[in-house]
Amino acid sequence: MKKKVLAILLGAVMVLSLAACGGGGDQGGDSKDNTKQEAEGGQDEGGSQSSDGGYHFEVIVKSFQSTYWQAAVQGIDQACEELGVTANANGPANESDIADQVQMINDVIEKKPDGIGLAACDTNSVLDSLTKAAEAGIPVVCFDTGVDDAPEGSVYATVATDNEAAGACAAENMFPVIEDKVKAATTDAKVRIGEVNQDATALNIQQRGNGFIAKMIELCNGVDKKVAVVGNEFYVNAAEGTVSEAEAEVIIEVGVPAQTTVDLASTEAQKIMAKEDTIAIFGSNQTTAEGVITANQTLNKLSTDPEKGIIGAGFDAGTPQKEAIMNGQFIGSVTQSPLMMGYECIQTLNKIAKGESVSDIPMDGYWYDTENMEDDNIAPNLYD
Amino acid sequence: MVKKRAFGKLKGREVMVLGIIVAMVILFSFLSPTFRTYPTLVSVLDNSYYITLMALGVTFPLITGGVDLSIGTGLVSYALIGGYLIIHMDMPVGVGILACIGMGLLIGVFNGVLVAVMDLPPFLATLCTCMITRGLGPALCGGFGVSWPSALSESGTFRKIFKFTTAGGTVVPIGIIFIVILVLIMSYVLNHTRVGRYTIAIGSNKEATRLAGVNVKFYHMLAYIISGLFAGLAGVAYAATYATIYPGAGAGFELDAIGGAIVGGVSASGGVGSIVGAFLGVIVICLMKVGLPFIGLQANWQQIFTGIVLIAAVLVDVVKKKK
Amino acid sequence: MGEVILTMKDIDKSFPGVHALDHVDLEVRKGEVLALMGENGAGKSTLMKVLTGIYKKDSGTITYEGKEVEFKNTREAQDAGIVIVHQELNMLGHLTVAQNLFIGREFKKGIQIDDKRMNEEAKKLFDRLNVSIDPKETMSNLTVGKQQMCEIAKAVSFDAKVIIFDEPSAALTESEIEEMFKIIRDLKKKDIAMVYISHRMDEIKVITDRVTVMRDGTYVGTLITEECTKEDIINMMVGRVIYEDPKTESAVPKDAPVVLKVEHLNAGKMVQDVSFELHKGEILGFSGLMGAGRTETARALFGADPKESGDIYINGQKVTINTPQDAVDYGLGYLSEDRKRYGIVVQKTVAQNTTMAFMKNFMKGIFIDKKKETDVAKEYVDALATKTPSVEQLVVNLSGGNQQKVVVAKWLARNSDILIFDEPTRGIDVGAKNEIYKLMNKLVAEGKSIIMISSEMTEILRMSDRIVVMCEGKKTGELDIAEATQENIMNLATREIA
Amino acid sequence: MEKIKQNALVKKVGFNRIVLICVLLLMYLAFCILTGGAFFGISRITNALNYAYFLGFLSLGVTFVIATGGIDFSIGPVMFCCALVSGYSLTTYGVPMALSLIMSVLIGVLFGTFNGYLVAYWKVPPFIVSMASMNIAKGIAAVFTKTQSVSWPQASAEGGWYRNFVNMNGFPVGLVVFLVVAVICAIVLNQTKWGRYILCLGSNEEAVRLSGVNVKRWKMLAYIICGTLVGIASIYFVAAYTTVQPGYGDQYNNEAIAGCVMGGTSMVGGLASISGTVIGVFIISLLQQGILALGFTKEYQYIITGLIVIAAVYADVSARRRKN
């Protein structure tokens, strides 16, 4: 009888090993692994360029959930091909799986690559691992999200969007459209501007949200309108130069869903959009921007004309958002350059490996709308 | 005729839940002017489709005295796979929908085999399938999220099954019609066909049912297959309602569905339950999800309330039994 | 006597480590009731399970209506006309009576189940059997007796030619048994063959035509009921004479102190104003029919179920007992009729079960004193002659009688002075019964006091010093053993019914 | 085979456990070979373990609950709730570190008591209670922290000493603590009245009640023990990862329950083994690490863990079926 127990458990081990071997083969076709193979091909051709190439980097992204990261991986692939290096990308199942990501970083440190590219899910929990990397002499380049408190000598460079500026960029582009409405606002006939943030936890989302709010306050104050921020307490507390709700002519309402699922994000958007005085709404990342779009499916209130409906703007790209812009639901969105960030990350790592000096590369957030979507500097970043 | 049977004889519990729904709607409308608008009604319904579908299915394993925890991660997985076929393999939308439902059936059969044939505790077996389905979708689709075609694009017609926009811009939630039809069908299946009868019988006394010459394994398995099938349908509903399917989502969806069913009077120990009750229970959960943010409570309160309502719903039964 | 309808010949069946059936023969004739008797574990149920296809036989032949058959499952057996009425009720509590009757073979209209027709058919069936049960009633709302009737009705509805009754009377009241016998006689007239498995000797005499006896998986012999005595049957079952003589007078001195006094105990319908006294060293028999409220009285006294009112005095002192915990603290011990559910933890060892009620006594600081535990358990195993390979044996592996002894050991280890034995010998075979009786006598000789609830008249008459008789939740009389007879006990037990 | 089973030493350690240990070692070997030796080495193991202790504590805790025949689905979210509420008090209200740590454990105890009370005294099915308290834990944590993540201090910062619980200058304190707690749990379960009653009532609650035992109290106690261990788990979580986010934690339920079940604790109650749970947890986290080291994404780990647990449970169920 016990024989069976043993047999089954051993069988399980076999399944595991088989899965491990077989799985490796299967994966060859998909984008995460083919960097390796392509690069190996490249290496053969460029074998003579001894100083250039041959390096192996490990890249850890926040997750593979959204297509944003697909674009980043694309950029990594591209850089690998050009440089003749190899890179292997991995990431947790969910952007909130902090624990998993830490384990992944520790694991790649054990593999002793020539460098690590890191998009940290959480800037605090990775600090120990960064220290470890520094001790092991493995250079780290942060991309997408910077790690401010990184221990000395661990992070060589950061390739990241200035999220505050990117958030402000959305406010700057949104304001002119709603300017008349804002000007017409009084304390009795307030206008409401909505913002949906995925959470109040990730640093880049926080910066983006705060950037938008700060800029919007500044612009409204510029036309002599007082602003109140309501909703999620974190953002309410972070905002400066605000007045109480009763005194304000303009209200910025911040919604944060309980969990980062699209259904909850869209509920938050609905809540804001359903209000009579709402004139504009901003979704500060792909999930929440899509939440706004989903909410509009029932409300049908979004419009590019402030007289006819609510002005919508989003962040990042993805098919639904691009369609929303083309169909006149969003006036536009801010995109980062995930592709370029991935690309620059590998470039920087390569430079470090070769011993060249590197510096931080700030990436811009670009405003895009129907006008410039086809432009050369924009189009590649508008991933599906 | 059918309708009369399903709705003509509402049981005490169903009336109670219906009462709670009415009370909640009145309360929310009273507290929030924006809540009493037509679009909000539509959005409550919108939110409820995939949960209702899951609940319709999971009621069957619950009535057999088991549970199916794999439906939540399952539906996201199936929707991912379906979407992957459409977007990355250029298959027609129909194929994607069929794949979605097909995968649901397949996992349903798998659960059924584990529980009915191999005799594993349902809780544990489906916990494992929950993990498996969680990994399956991303593993097959390379780990990235996919967006099914949008309502505006040519192949996005399938979204109109659930929501139809008239020329005048009014949104008609025709999805609810389909849901009600499905509720009636499943209510009929549970109350007036062998499948339903044996499902209740298994939950009541499995051994006795077996001794009565019923092919218990088959019908026990069928309960899980129904659950899987509806998880597949829920996958389609989810894909139709929301823009992008993110892998890794879905854990916890099953609790909304199971919680709804339980609030609606389905017994966690088997033998008792109605489809109409499960449906109404889900509406309570969805009302809370959508309604609480409207009355100015931060989204997180909703979770606390869900927890309290769940316990209250079961305590009602416990106290009743004590009397 | 009718022609032979079913013959089982040379049936052999082994389970790992057990030779359950050793070349057993059985013959059933049309229109007769054949009693199948034997101690627990004699192989009666196994034989019936082989017949109806639940088990597969290793060898042998089954001839039914002149053809050799082998059923693969109960369904096939049913279709052929062989139906079992089970010992444990196989009811689906959540379904209605009619739904239960036709489970597995519903009438259908297209894909829809025709509940209306099922109700009609059930009604017809009940009319034929002369019982009044509403087919639309939910099963769990019926009394146990009515549920049993449904089981029988179900068997009849299969157009059964052979019906097997597996201890059908175990849960029935006297009047319900009478009603059942009426049905059985009716069925006999319709030329239906019946196999009747029971432990109750008096029933066998009343209802059966022949008796087939089995012992240890073998066929012992068949007797014509009218021509044999109880002793003949018992001798065949055990191969030895077992009964001691009944008690004729109380062994307790008149002035023995009262250890337990119960006054005006009320707990629901089943316990109404019950008062009695228990003397030191006495066995107080509680007699009555099923459902008379004896077990309920014991449970209420013990704090297992809530009580409404009543005073309890232990050794003259008034006490409050609201939970079993209180009762145990006052030195009461309760040995339930259903050991597996209420008496022992089957997945634990003999030692662990022995100490369960009195862990306090087996602690060394915060730890369990395992040595003491083992020693004490061993002591009781020896004292009670429990048959177990060691005290580390899981209780699930012991026989019914030995499990009962473990429960006794549990209360003895707790120093309980008042023991309530609820049907102490139910489901225990005849040999082991005797040992339990000896044990009880030994306990009272040592100064313990016992309340014994029993449905077996012989048991009551043999063991008790005094007898309390209950009927429908009320105490109807109290008899000294010297004046007690079957007749006057029965008279009290049925007084209100008659 | 029989001979091996009769061997005195094998009997003492328990055959099942030996099988489990073999599986663990074989797995480790397999990973070492598959990763070309990169997986080999003590430091590698302790490093990996640093991040898995919290799972171990969760598993230990839920073992007690499963032993009573119940289930606790709220352990993950409650763990996060503990870490969030006490961490937020620490960072925002300036509660001292030591007090915050105690608070973590207390919140765990509180949830354990809540669950236990409802299950034992109100007879609410454990599955539903834990579903509810999972929601409540998530909600409370989010409301309390205003939906912000909380970062506990770094090792170098003030109050950073708590991180030594995991690892002090390379010495695996966490491993020692974990093993000590496991031994205490084993003693509680097997050598004390608490454990005896918890196991017995998991097997046959009514029989224990009629033996004059206050079953409700002991049942509740199992949940309280679980809550306490969940509180400790929360400390080990933050000591390893520092940051906790509101709204999550459910992902650890499955892994913790899987570890417990792998170790031979029966879902129907009455049978539980702490040593089994410890080995089970090691297997689960080895799997996690190994699959990662092989370069696979998390998804594969889910799938493989799921399959292995099914295999383990099936082996258990079919073994028991043969016995009966």
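Going by the order they are written in, the chains are A, B, C and D; count residues from 1 in each one.
The rule is simple: a contact is a pair of C-beta atoms (placed from the backbone, for glycine too) under 8 Å apart; a residue touches a chain by one contact, two chains touch by 3 or more.
Nothing here was measured: the structure is a model prediction, and the numbers come from that model.
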| item | value |
| --- | --- |
| Far-end chain from chain D, centres as C-alpha averages | C |
| Separation of mean Cα positions, chain D and chain A [Å, integer] | 33 |
| Centroid distance [mean C-alpha coordinates] between chain C and chain A, Å | 71 |
| Multi-partner residues of chain A (at least 2 other chains) | 32, 64, 91, 93-94, 97, 232-233, 256, 258-259 |
| Multi-partner residues of chain C (each touching 2 or more other chains) | none |
| Where chain D touches two or more other chains at once, by residue number | 138-139, 142, 147, 246-247, 251, 297-300, 302-303, 307, 314, 318 |
| Arrangement of touching chains [line / ring / star / complete / other] | other |
| Contacting chain pairs - touch in the sense defined above | A-B, A-D, B-C, B-D, C-D |
| Residue ranges of chain A touching chain D (in the complex, touch as defined) | 1-6, 8-13, 15-17, 19-21, 23-24, 32, 64, 88, 90-94, 96-100, 102-104, 106-107, 110-111, 122, 124-125, 127-128, 149, 199-202, 232-234, 256, 258-260 |
| Complex contact set, residues of chain B against chain A | 34-35, 37, 39-40, 42-43, 46-47, 87, 134, 138, 142-145, 147, 150-153, 163, 165, 169, 171, 173, 241-244, 246-249, 252, 289-290, 293-294, 298-300, 302-303 |
| In the complex, chain B residues that touch chain C | 188, 192-194, 197-198, 200-201, 203-205, 207-209, 211-214, 271-272 |
| Residues of chain A that touch chain B when the two form their complex | 30-32, 63-67, 69-70, 91, 93-94, 97, 231-233, 255-259, 261-264, 266-268, 270-271, 274-276, 286-287, 290, 293-295, 297-300, 318-320, 323, 327, 384 |
| Residues of chain B that touch chain D when the two form their complex | 67, 114, 118-121, 123-125, 127-132, 134-139, 143, 247, 251-252, 255, 258-259, 262, 268-269, 298-308, 310-311, 314-315, 318 |
